[in-house]
Structures are given as C-alpha cells and as structure tokens.
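Following are the structures in question.
Here chain A shows up in two complexes: once beside chain B, once beside chain C.
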Partner chain A sequence: MADKNITAEDLAHQLRAVSVAEFFEKNRHLLGYENPTKALITIVKELMDNSLDACEEARILPDIKVSIKEIAPERFKVKVEDNGPGIVEEKLPLAFGKLLYGSKFHRLKMSRGTQGLGASGAILYSQLTTGKPSKIASSTGKEIHEIELMIDVNKNDPKIVSHKEEKNSGKWHGIKIELETEARYIEGKQSVFEYLRQTAMSNPYAKIIYDGPNGKVEFERVVKEMPPLPREIKPHPYGVEIGLLRRMLASTNARNLVGFLTSDFSRVGRGTALQICKLAKLDTDRKPHDLSHDEMEKLHKSMQMVKLIGPPTDCLSPLSEKLLEEGLRKETKAEFVVAVTRPPSVYRGNPFQVECALAFGGELPKEGSSQLFRFANKVPLLYHASDCATTDAVVDTDWKRYGFSQSSGQLPQGQLGIFIHFASVWVPYTSEGKQAIASYPEIVKEMKLALQEAGRKLAVYVRQKNRMHDRQMRKELFEKYIPELAESLEKLSGDKKEKLIEALEKIIKKSAIKSEENEKEGDGREPEKTG
Partner chain B sequence: MKKKETEESLKKLGKKLATEISKGENPSLEVPIRTLSNIKYDPHHKMIKMGSNVATRYFFNVGHVRKFVQTVEAAALAKELNGMGKHLSLREAFYRMKRTLPDSNINLVDEQEESNEAIEDLELITDTSREQLHINANKMGSVAGKIVIEDGGDIIDWSKMGSGGYSLPSNVEDIIFKKVNAKFIIYMEKAAEWERLNEDRVWEKLDCVIISSQGQATRGVRRILQRLHLEHRLPVYVLVDNDPWGFYIYSVLKFGSISLAHISEKLAIPDAKLIGLTVDDVIKYDLKKHLIKFEDVDFKRLEQISNYEWFKNSKEWQRQFKMMKEMKSKVELAALSSKGITFISDTYLPEKIKKKDFLD
Partner chain C sequence: MADKNITAEDLAHQLRAVSVAEFFEKNRHLLGYENPTKALITIVKELMDNSLDACEEARILPDIKVSIKEIAPERFKVKVEDNGPGIVEEKLPLAFGKLLYGSKFHRLKMSRGTQGLGASGAILYSQLTTGKPSKIASSTGKEIHEIELMIDVNKNDPKIVSHKEEKNSGKWHGIKIELETEARYIEGKQSVFEYLRQTAMSNPYAKIIYDGPNGKVEFERVVKEMPPLPREIKPHPYGVEIGLLRRMLASTNARNLVGFLTSDFSRVGRGTALQICKLAKLDTDRKPHDLSHDEMEKLHKSMQMVKLIGPPTDCLSPLSEKLLEEGLRKETKAEFVVAVTRPPSVYRGNPFQVECALAFGGELPKEGSSQLFRFANKVPLLYHASDCATTDAVVDTDWKRYGFSQSSGQLPQGQLGIFIHFASVWVPYTSEGKQAIASYPEIVKEMKLALQEAGRKLAVYVRQKNRMHDRQMRKELFEKYIPELAESLEKLSGDKKEKLIEALEKIIKKSAIKSEENEKEGDGREPEKTG
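Here is the complex of A and B:
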C-alpha cells in the first residue's frame, strides 16, 4: 500500500530517459485514460479540479463553464473556462505543457490536485489521440494571452505553436482551455454529467454551467461563503513515504540532517532529531543530499520509531455541515437532510477529517438501494466504489437501527442518499486513478462514527414521519370497525349502539398513544400470558 | 348448562365489553390458546387437557381488531340463535357473519376458516360448547344396531333403518336412549366398511352397534359414542386402516384432540380400544401382498404420533410404530376382502372379539 502511493512519481523519476509519451501510454490505466468513456470524464475532472483549486486559493467564488460537443464520431471538443486568478504569461507554457510540473507537488496542503499530472495529462492525451494542439487563454485581469500548445514528448517540454495577445476590455480573469480528443459520451452513473452534478453537491458555492451533447444544464450557486483556506503544513514523520523523503532530502536547503529534520518536518525538535540520527546510526552532520539509498531507508525507519505528538490538524478545510446540507439538498431536493462534520483525526501521521450527510426523500429513487456519493477533498469519486473505505463504512453500519432495511454486506435500502467526504492533506487512494480511498481502520472508524451520528438524527425524523402515517392509518382502520363492533355489542349487551360508537370514538382520540404501546410489545400478535 | 345460562354468559360478555368502553378503556377478550404448546396430557384421567395460557385480544390494536370484532359478532349471532331456538351450520354462520364494512373493501370475514375460529374462540371464552351456542358441526355419521331412541319426539329403532342406517345429527344432546340391547360399539373410519358390516347384519349377529363417519369422527359422533359408553357402559372398539392416520383417529377418540382439548371431558373415551388393523393382523391374516408404500408425509406423521406423550410410554404402541416403520408400508381395511367377501364380518371381527385381541 505504501509503495503504491508513489508509483507515478517514482516512475517519473526513474523514467527521465524514457519518453513521457511512453510513460503516459504505459500508465494510462493508472491515470484515468484506460478507455474512451473514462478519458472524457478524466479530462473534464482534471481541468475542473485545477479551476476550483485556483478559485478557492484566490478566494473567488467559482463560475465555471464546461462545454462538450461531438464534432465527428467518437471525437469531441472540450472547453473549460473559469473565473480564477489566471496564470502569468511566463508560467503558462510550463503549467500546461510539462508533466509533473505544478504548484502542489512539494507541499502538504489539502487540495484537489497534487501531482502536476492533471491538465498537462489531458493535453497530452488530446495530442496523442488527435495530433492537434490545445488552445489555452489566460488573463490575470490585464491583457489576455492565448496560446496554442503542444508537448514535446521526448523532452517533456512545452512547444508553443502560436501566441496571441489581446486587449481585455471586460476585465476578465481566469483560464480557458479548449482541446479536441477521442472519446465516447454516455449518460448514467459514471458520466460527465454525474461528475458535474456531484461536484455541484460538494461545491455549493460554485456555479457550473454545462453545455453537453444533450443540452445545457446550470448548477446553481446556493451559498456565497467558501470553506476557509487550508493552511499548508510540513509533513509529519509518521506519514512520510520513502519516496517523498527522498525528494525532500534532495531539495532541502538544510545543510545537515538535524537541520533537515527540525526545519522540514512538523513536531520534530532538536532532541528528537538527534534521537532519530542516533537510531539510524547516521552522523548528525551528514549532508542531506549525500545519503545512500540504504541510509535513507534507515533514516525513514528511525523516523517511525521515535515518540512524537500528532500532526497539527488546522491544515484541513472541511466543507462544514451547513455547506454539506445545502449542497445535498440542492441536488436531491430531499425533504430532510442532516450533516455531520467529525473532529479532525490522524492516520499514519496524516491529519484527516470525515464529513457525511444523509438525504431522505425528494428526487432520490423510491425503490431499491440507497445512493452513495463519495468525495475526497471535494472531488467526486465515480469508480471502484467496492474498493472504497466509504463503502466499507456504509456496509458495516447497522442501518436497521435507523429504520432502513439492509441485507448483510449491502448498502441500505430506501429513498436515501449518503454523502461521505474525506478531507486530508494526503488522501490514501488505492491507485493513481484516484477513485477509491484505502480502508485504513482509523478512516473507516471515523466514517462509521459520522454515519451513526447522522443516522440517529435521520431516524428521529423518519420515525416521526412513519408514526404520523401509522397513526392516521390506525385511526382509519378502527373507525371502520367501530360501527360493526357497536352493532354486535348492542345485540349482545343491550347497550345503545349510538352511545357505544360515541364512547369508542372518544377512546380513539384519547388513547392513540396508549394503544400504540400495546402493539409495540407483540407487534400485533396477541400477548400471551401464562396463567 | 341450560339455554338460559348460555344466553346469560353471552350477555355477561357483552356487558363486560360495554363497561370497558364506557370507562374509556381498551376493550379486551381473554382467549385461551389452542395450540400444541398449550395442551397437556393428563395421565390420571388418560386424556388431553387444555393448559392455562391465555392471550389478550384488544379492539384498539391493529393486529387484533379484526379477530376481536369477529369474535363479538359470533357472540351476537349465538345469542340471536339461542333466543330464537334455531340452529345454523358453520357454513351458514359464515354467510351470516360475512359483510362489507361501510366505506371500505374490507369484509368482516373472508373465509369460513375465520368464522370457524371465531366460534371456537367464543366457546372457550364463554366456556360453552358449539352445540350450546346453537351452531352445528358438520353432520356426517351412520349408525345401526340394537338400540331404540327418542329424537325430537320420534321413536326410532336403530335396527330397522334399512341399508342406509340412522343418520346422526350434529347435535346429539337431546337424544334419549329408550332401549339398549347392544353389548358394545364398533366405530370404523370408512363408510364403505360400515355398509359391508350393515349388509352382513353384524350388529345382529354380534349384539352391537356399528357407527361410522368419514375419516376423523365429527363432534356429534364422538359425543354419542361417549354418551353410550358412559350412560350404558358399552365398550367402544375402533376399526381403522393400518397407517398413522388411522392410528390418530383412534387417538382422538380415546384421548381427545388438540384443537378441542378444552372439551375433552365431553368427547374423549379413555377406555376405547383398537380392534384393528394392527401390524400383527397384517401378518396373521396374510395381508402383506397388499402393502401400500409409505411416502415422506407418512413417515413424518408416524414420527410425530410416536412422540405424542400419550403414546410415548406405551410399550405395545411403540412396538406397533416400530414394526410399521420397518414395514415402510400401510394396509387398508378393504384389503380384508381379498380373503373373502364377508371375511371381515364372519371371521375377522368375531375372532378378534372372542379372543379379546385389542390394542389399548
């Protein structure tokens, strides 16, 4: 598991001599391009992730336009436009034309993208399937730069085909990308539309306009506040994988190991740093750049052995219960929504936080299984649901307690939407395709606690609703039998029918609750007494 | 219990419910439970008796309301019948109770099974019998023999009833025995055997009474057997097929049944004996070529019966069950005709009675 998390980066390091195109081709299944249907979703997702991250960092309420048009069979034109801060002209080619280049690569901060593979990967895929350059327009609010870009697959460098500069009369800022690609367009559970719908759920402060092959849809903005900007933190020694450690050692400014450990990690003081060096049998004065592979491994091992307090958790930016409720209510039109944000927790040195929301009724399907919506750092996960910690947590929760039927090992049944958001500086995906969260026990436990808390709140609502419905049905049932009983009883005892009816109807009103209690015991069966 | 008493106990039930209603309480009925779990075998009296478990049935309970109203309706019907001095069959009672509730598509009773159950529950609640409630069980039974009775003012001689015999009514309480010259009674499970014995005038030759009903004996038949047994000390001999079902017919006559355990005293005949067919008869009279192979249900029924408390401690019966299980087959009474048309009348029965070859 630990090694899996760094496969792509490690490969990239080792493959410098090999062409990027070959690297991409070989790893397309890991990167989300294994088939034409998924490729289209991945392109939209990568471009959207970048746009939303950029807007949030610049504290701009996102306005994003996505357009997909079929221009020939199995060939589509994809356009994504945002109102973010834009990218300055000099950085523009590198940001989009070089793989594994990005602002989020060497930091630990909660964000959607992390690896610098997203947008440039989309552009490379477009180039590989159509041979055409991609068009990118950017403005920081001043003039607009529009470039046509290709990637030199041998050198992994951007190649600018054309560059235009235009006046920006409307003061537009943001990025506009247009590319052509081979793809297949479908609707359904794993589709661009579903991806955007769920993105609208987890980003209720964004306005998303989608112009797809089957028409235009607008996902409204329902709240005007954004979650606070997450703080960047240094890695905690417990959460550092050996690949990341290697990169950190190579790029640090510290001149010796003690300096490296104290300045580049959180929760490591001088005493602890000395202790780590001693455990690893490494001289404290060693230069970080000079460590051999064996020494790195020793250092890595020692870092896991010392006693440390957990990492700071204020680096997380959960959606908050309010945003969750708004987002889910908006997209499901549910009659009842409840959200729970758990306090931050830690797995293997990485801070994380779980949020969940339950939606009941509305436009959710009335029959069959409930719907599970999975998110990691606000990004919807559409594939590999069965491998995901969220699924494990839902299946492991006893939904019968909350009034929903459930077969063992299955999602609960009913008109229920389950929304789980996992927020962390480092999401433990099961693969580079970033579609499922690994089931660490700490993570599943937090998810279950969130679901249970929300489940209890939902159960109160559902029970009350059922009870009111039952009470009405019960009343109607008794009202039908009352005249019959009164008539029979009149023959039997001689009491007047009308008087009996009146008395019985009085009892209905008065003792509805009491008779309910009677029934609870035997579930309608006659209680037995041993006399 | 006299007619007046039955009416009184029904009225009392109505008054109790009306009082509960006027007090604002949830009206309820205490119904003794009629299942195997609530019966006990009383080894002293040698009969099945009802246990003391009761269920409380409420009107204001979604699961109870329907049965509750059915039971009260059955009571109202019984009171009406008592007042008029008329009787209804179970089927007629079902139609009398069946009606649609106003503004609904709910029928008070949908199946006769429901009204039957309501009536049986009512018997238990008011501690009366169906006969006292003026609701008649199915009438099915023929009798011939050396007895003269009075029934509804008519004098009837059971030895002068021709080939059909006297047809027993469902309610035999009012029959008066005028002259009893018979020495014992043979009850048989099949009408065909009864006709055989009647044609051969066995009742005349052996000084007895022959009675049958189809399969399991009806209440009326069981009651008349018991009355003759108790009032005139006539031994009762039971003639059934050699299979678990035949054995159970004997069991019900002797010990009482599970569903009518509450009136075993009025129906059971603990001294009744099985005259045949036993497995020993099958061997002795060389009926082995007429075996009918057991099916799964037969094996299951045999297993159940051999585990009934009242058979469990009988060595003789356990021996029969064991032999039957090993034989894996049953034999019908009619198989005796293979030995001769009148073999059953001329040889089999006289021999068995002479040797007192009974199973108790």
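Here is the complex of A and C:
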C-alpha cells in the first residue's frame, strides 16, 4: 500500500527539542511583535511594566524616563530608565537573557509582569532585527554594573558580550536598559504616546518623562501615595486542578494530610482539614507522598465539597475610587466623573477585583461613540478591544437607562469616557501579547455590576443636564411665540397686548418650577438585571 | 523616600526558571484549552493532525479511528488510532512526554503540526484535569510497544509509568493513543463532529471512522491519490532576519562565504553569491564564522538587494481544484461548484498558496448569511473566524458584482458556501491554539484574487439563473394579462380576440429571445480592483 518514502526510522532522526527562545523567535506575534508599529509599543510596555513592578515592590515612588530616537529609517534606539531597587549582579544576565525566567510566575500576587517573558522577549526581538546586543546597567545602590547581552537562541541562555563595573558616586539605584530595534513610529490611538498617557492615568503616583521622536512630554505625579503592597497568597482549594494537587502532594514539606491542607492552601483551618479528610475517608496522619491515584481523586473531590470562604484579597492592589477619579479627570478634563470599586470576587479560584469610572463632557469627543479605556493590573490595553471582556461588559450594559443612545452590540454614543480596571493575581489574557482579557462569565458579570452602579450615578447628572437643556429649549420656544400669541388673544379678548404678555410669562415660570419638582420625586432607583 | 519592604536581594531569591510545561499548563488557553468544549475538539484535532501528517509522509492512505466515550459526567475517554509508520521505541516517550519536541519545527515544509506541542499538550491537559497517565501504543511493523506516560511538569520531561512489549502477529503499524480528560461534548457548528466532517472535506483521500457519544459515523475515502509529498526547502534570502543570519553563519559547515550562500539558502547560485559578496564588499573566501557585526549587516543588506526568483514551491502540497471541488460537492450537495488554485506566492520569505472554492445551492441554507469554511494546511479552523485573514478577504470582496447582496463589513447573503485553503511552510496563526490566520497584506490579497476569480465564474451561472427566473416571472405576468388586454383591444380595433392573443404571444416570444441575446453580449469580464 505504501511506497514508504519516509520510514519511522527516518522520522526518528528528525525529532529534536525546540528551545523556548527559538519558539518565541519564530512565534514572535505571541509576544506582541507581529508588526513594526506594535513591536515598538510592546518593547516600551514590557520594560515599563518591569520598572513599575520593581518600584512598587520596593515602595519607591516611580520616576521613569523613556526615550525613543530614530537612528535610521525604521531603526530606533529605545532607552528606559527607572529608580527601582535594581537587580543584583549575579542574576542580571538570567533576568534579561533567558526567556521564561523571573520572579512572578510561581506566586499568587497581583503584578504587571507574570511569566518572565517581557524584557527577555524585547531583547530577543532586538537582536533578531538588528543583530546587536542590548546594554543593561543596574545598581542596587552600591557599584554600577553595565553589561552587553545577547541571547543564545539555540540554548535559551544569556551570552555576556561585555561587563563593566563602575563607581556609583550618586548612589543611583535602578535599571537602565538600552536597545536598538527595527520598528515604525506613529502617533494616534495605538501609539507609544497613548500607551504612556494611559499608563499615567492608571498610575497617578508615577512620574514619567517621555523623550520621543516628536518632542519631550512630562506626565507629572498627581498623588504621592501608592496603593498598598499586595501580599502573596496560597492557592485556594476551589481553584486547584487534580494535576496540580498531585504535584503539590509530591513536593510538600508537610508530614501529614492535615498539615498539608492547612499549610499549603489558603482558607483551610484545622477544622476544615479534618472535615476534608473525613469526607475523603483518608486518615489524617497519611503521608502526602504516599497517596494512590484514587485517594488523590477522593481528596480533590472533598476539597471542592467543603464550604470555604473566598480566597484572601490582600493579594490585590486596586487603584481606589479616589485615584481613579483623579487620573481620569486629569486626562479628560471631564465636567463630571464617577468611580466605583467593586468588592473582590473569584474566578477559577483566582481572586480579582473590578473598578470602573465614567467621565462625562470636558475634552472628550462630542460626536460618535464613547471612548473605552481598558486596564489590567494597571497596564493599559491598546489592542484587540473586540475580544476583551471589558468590551463585552460595556456592550451588554443597557446605556439607554442612563441617558445614552446605543445600537445593539455597540458601545454607547455620546461624550462619555469609560474606564475599566481589572486587577487579579492571574489575568486571563487571551494571548501572550497581553492585550485582551478572556470573557469568563464571573468577570463580565462583575464588570457589568460596576458599570451599572456608576451608570446610575452618572444618569442622575446627565438627566438633570438634559432636562435643564430641554426646559431651556421649551422656554425659548414659548417666549418666541408669546408676542404673536398675545396679539391673537388681543384681537379675540380685547385685552391689552402688554398685559397678556405679562400673564403668559407668569404661566411659563410657574410651570417650569412645577415640572422641576415632579422630576425630583421621580428619581428613584430602577431595578436592573445582570444576566 | 522608600520604606524598602523588599530589596534587590529579596527579589533575587525569587528569580527562577519556568519550565515550558509549567508555562503551558498555566497558559493552557494558548494551546486551545480555554474551556471544556474546546478542550475536547483540541485533543482530537492535535492527535488527528499528527496521524494525517505521519501517514502522508510515509505515503500511506490514512485510515483513522476516533472514539469518544463519556465515562462520568464531564469526563471522557478519547482514543485515536492510525495506520501510519509508528514511532520507534526510543523516541516514543519524548515525542509524547515533552513539550516543544518534534520533527517539524526546524524545517521548511508544509505540514499540519509545527511546534511539537500538539500531542504533548493534549497529554498535559489530560493529566492536569484527571491526574492520570495516557496510554500510547506504537509499532513500526515489528513488535508493539505500549507505554503509560505522564509529563514531569517541573522538568518538562516524560515519566514512564509502565512499558509493555507485545508480539505483532497482524503486522500492524501506527500509533494508538488513549487518554482521559475533563471535557464537555456538544453537537453543532463548533464540535468534534463538525471538525471531522470538515477534515473529510479537505482530506478526501482519508477514511475516518468516528465512534462518538451519539453513534458511529464513517467518512468514506472519496479519492485514492494523495497530493504530492512536499519537499523540504532551504530559507530564501529575502525572508531571513539578521539575527537568524548571524546564527546560520555561526553554525554552517561551509568554509567560505560563497559556499555558505549557495548551500544554506534556496535560489542562490554561484553567480548570485559572487554578486552578493561584491555588493557587501566582502572577500568571497572569508570564513563565515569570522564576520564582524558590521560585515554581517552589509551581507544582510546585500542579500536583500540582489534580484532573486521566489522560493521553490514544491515544499507546498495544495489540494488541487479537482480535489477541492469533489470534497465540497460531496459535503454540500451543491448544484454548482467552482474551484480556483492560485499560483504560489511569498510572505516574509515563506512560500504559500491559496485555494478557494464556491458552492451554490444544494443543501446549503437558503436563508441568511453564506457559510465560510476555513482551512490551513488542510486542517479546518472552527474558532476565531472574525480574527482570520480568510474572513477579511471575504468581507473585503465585492459580492454584489457576483449577484449576492452584502452589507458593508459582512459576509455575503445567500445560498453560498465559501471554502478557503491556505497552504504554507509556516502558517502565521494568531495564537498557539491555531484557529485563525494573521492578516498579512500579501495573504489577504491572494485570497481576494482567488475569491474574485471563482466569483466571476460563479456569477455567470448565478446571473443566468437569476435572469431565467426574472424572464419566467415577466412572461407569466404578461401571459396572465394577455386575455384582458386582448379583450380591450378587440373593443378598440374590432379585431378578433383569438387573433389578438396569438399576436401578443408571438411578441412575447420574440422579445424573450432578443433579451437573451443582449445579455449574452454584455457578459464580458469587468475590471476589478484588489487593494
């Protein structure tokens, strides 16, 4: 049947491992490098994310300088400098020269970066398109280490091209990174400038100086306090798959099941641990390493059956309504801003929290659709809006209730800015490019509740404004016709025209006051559905 | 300024490597496992892709059995068995138990699988959701090896749970894989059944037996020849970034530049190699390993400057117009099918080829939007249609020219099936889930040209049909009024009614023939734009 061009033995010779660096070099679009315009934004974003995370962890108010210079057509030099804690010398090469290497993957705590793919991905793209090493300077406050670094793509390992140690008389601490890349620079809705502007909105405690191809801009610090430092938490029993449980059982230091359950999970006290063991018909003294597959399955099932409170939420660091309002008011110059921070919630065992703000009027565009600003862990999302849970939530909200026109499946129309912030220990991005949040029902529901609460508050203001406008129009219309009306009435009744005009004006005034009173009474909340 | 909760030293302790398996376990949505319904389709798809690839490479007409059984609520057993060449014993654990391990990543040749993430990803998801090992049986025609396998997630390495060797009296060869998984089974547009139905459409030389929760279905083999085996090619100079060039220079066996250029690239003969060296002002005898960065840049630039013919295209294996037509006609029972295979083209140095077919009438739905069937390297794409280059091409095509109504930004309306096949050595999927093709302008353009060519052919048929329909309507209308008209004329002219009717019928007949002739003349091709 077969003419056996290729045999199993031939195929066996072709089998070999692919390094992570090779994989992401070829699949660069997964990291956000699918075109030269996006590549530039991605580089700035990844380096900024790291800088902001490092500053916040060290409780340092961030001062970040970003510089982009065109050095040849479609060739740019990008520099990002922060005042964070820096990285110790020994770890510098790995932190920047190895993909999937970092501090944030194995912990449950809100941060911008997660996988250890950001800065190393930027360096990988830089060397792919220019063939050049990246320069990294770091100081923890002592001497300054400056290295030139490439990534050995076949091995996914750093290759140090040069290393200098310098005195640090100014006691500078932080990271300075400089790289060259093929890229394209644009202004507009999806641009480095817009990314930085929105970053300033969601990080009002940061100072960002941007020196770009079209001049220098400074985003000043608006507030001097940072949100509280989020705490690392243990996994919640409800969010742990059996495969992960098996691994946790194999690697735990606990000597028995009760110890394992209470020390390796959040929200499991001794009482609950005993209850879980009882449900699973497992001896509380059993060694975690010794469980058979069936016993693991029973344990896993029992963990889902006990009643537990949700995971602790101090692993989250929301912006707060105050910071939200200030950030949005500053950037949109809106005449009215309202912000809502929802209580924390849970999806797939991961705590998360939604915040939203609505801005009305000001410098927002008067015509067309409202503007949606999307953020995940304080990072602006500029791409793939149509795939994002935030968009689903806005589109599914009935904006007519709040005084805005809206076509089915569309954003509302009007001079409206909508700001949604999703904060979580694990943001379910739809791809590694980290540009859209997956539409888990729990997430969309929370977003809708936040929008509805903010929408109701805004509606009071908007209705008031619309009414005043309507009333003014009606009044003007009446006033315009009063002389004409008076003339006709004069002919009919024989009364003096001036007297009639006076009487008519009195009537208008009275009716205006009355309708105002009526409207105030009718302003009670209407019930809403969240579906 | 800082209250230094966390120092650079603290951060250093948290830094560590993430294994590829850990990464994809946590980011399972990147592999297509974002929900239980899709997980089941993804598992079947990945195993089928491997089976079809292996059979084709070994020139064996594929016989594939797929079985899905519900063994508990939301828990399924999936089995896929092929008659391919099998995998040799030594490589079996790595081929299935290590992510990013395979034969297809490092070569330029069209195939379904690419990264070495498919089967291992399915096994990873199975063990995550059930905690159980997968069973794999393989034979290359000699003894049968059966292993039970898990993946050591922390190390990304296979862990063999058991290994049996059995006699193979029936001389069976192939792979049999059996795993358990959490999943949800549905019927409909995005289902295992639909995936298999469309796979049968695009692989009419395969026989697929599907034993699912709702019964057994057999997709018979329609043709007995396979498309020609694609050949592996070398990279084309236009598609090589400088970072890759640097690596090729470092690892080549060639002793001088001319040897390097002629042996490591496609379409570079000795003359062209000399020309490239001259343009780069580099001695033809230079050792590839010795080039400085500046010299590499010059070499890279010169490679882009010489005139070269496109890459060889025998690395592609399109379906052909004949197979396309047969596949589509069989599945849609259409009354008219037209297929177009475009000549090969190139994006970013990668050869690709577009095929399309249009089916009209038959069992296609009469109301609403047309149906789009999308394929990449013969694999049906069921998800993310709105993100796909195929959709962009269909939406951008002016279907009114071909007799179909269409709203702006939408698929055309009507009883129409649109089949697009994208074949390439490297399909630019928008994510690892491999469900949508990125919209490179070169790709969308080729798709539009294919659709336009097919559209014109279909239009002739559709117009003819519409015209005949219109004419019939007009004729019927006339005929209905002839007696009435004749009666009136009789009164006016005094002629006999019967005579008048006869005359009127003659007129109708004549005018019908005339309008038919007129229409035939006007059927010349209209010029079109491709933007």
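Convention: the second predicted complex is superposed on the first by the 423 of 531 C-alpha atoms of A that agree within 3 Å, B and C clash if a C-alpha of one lies under 4 Å from a C-alpha of the other, contacts with A are read in each partner's own complex, and residues count from 1 in each chain.
We adopt the following convention: a contact is a pair of C-beta atoms (placed from the backbone, for glycine too) under 8 Å apart; a residue touches a chain by one contact, two chains touch by 3 or more.
Owing to the predicted nature of the structure, the values given are computational and were not obtained by experimental measurement.
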item: Touching partner for A:K224 - first (chain B), second (chain C), both, neither; value: neither
item: First (chain B), second (chain C), both or neither touched by A:K509; value: neither
item: First, second, both or neither for A:R247, with chain B first and chain C second; value: second
item: Greater residue coverage of chain A in the superposed arrangement, chain B or chain C; value: C
item: Chain B versus chain C as contact partner of A:K307, first or second or both or neither; value: neither
item: Touching partner for A:H29 - first (chain B), second (chain C), both, neither; value: second
item: Residues of chain A that lie at the interface with chain B and also at the interface with chain C; value: none
item: Chain B contact footprint on chain A (complex, rising order); value: 473-474, 477-478, 480-481, 483-485, 487-489, 491-495, 499-500, 503-504, 506-508, 510-511, 514-515, 518-519, 522-531
item: Of chain B, residues touching chain A in the complex; value: 10-11, 13-15, 17-18, 21-22, 24-26, 31, 33, 52-66, 68-69, 72-73, 75-76, 79-80, 101-104, 106, 108
item: Residues of chain C touching chain A in the complex; value: 1-9, 11-12, 14-20, 22-23, 25-27, 29-30, 34, 54, 57-61, 85-88, 90-91, 94-95, 98, 100-107, 115-116, 127-132, 140, 153-154, 173, 229, 241-247, 293, 296-297, 300, 386-387, 426, 428, 430-432, 438
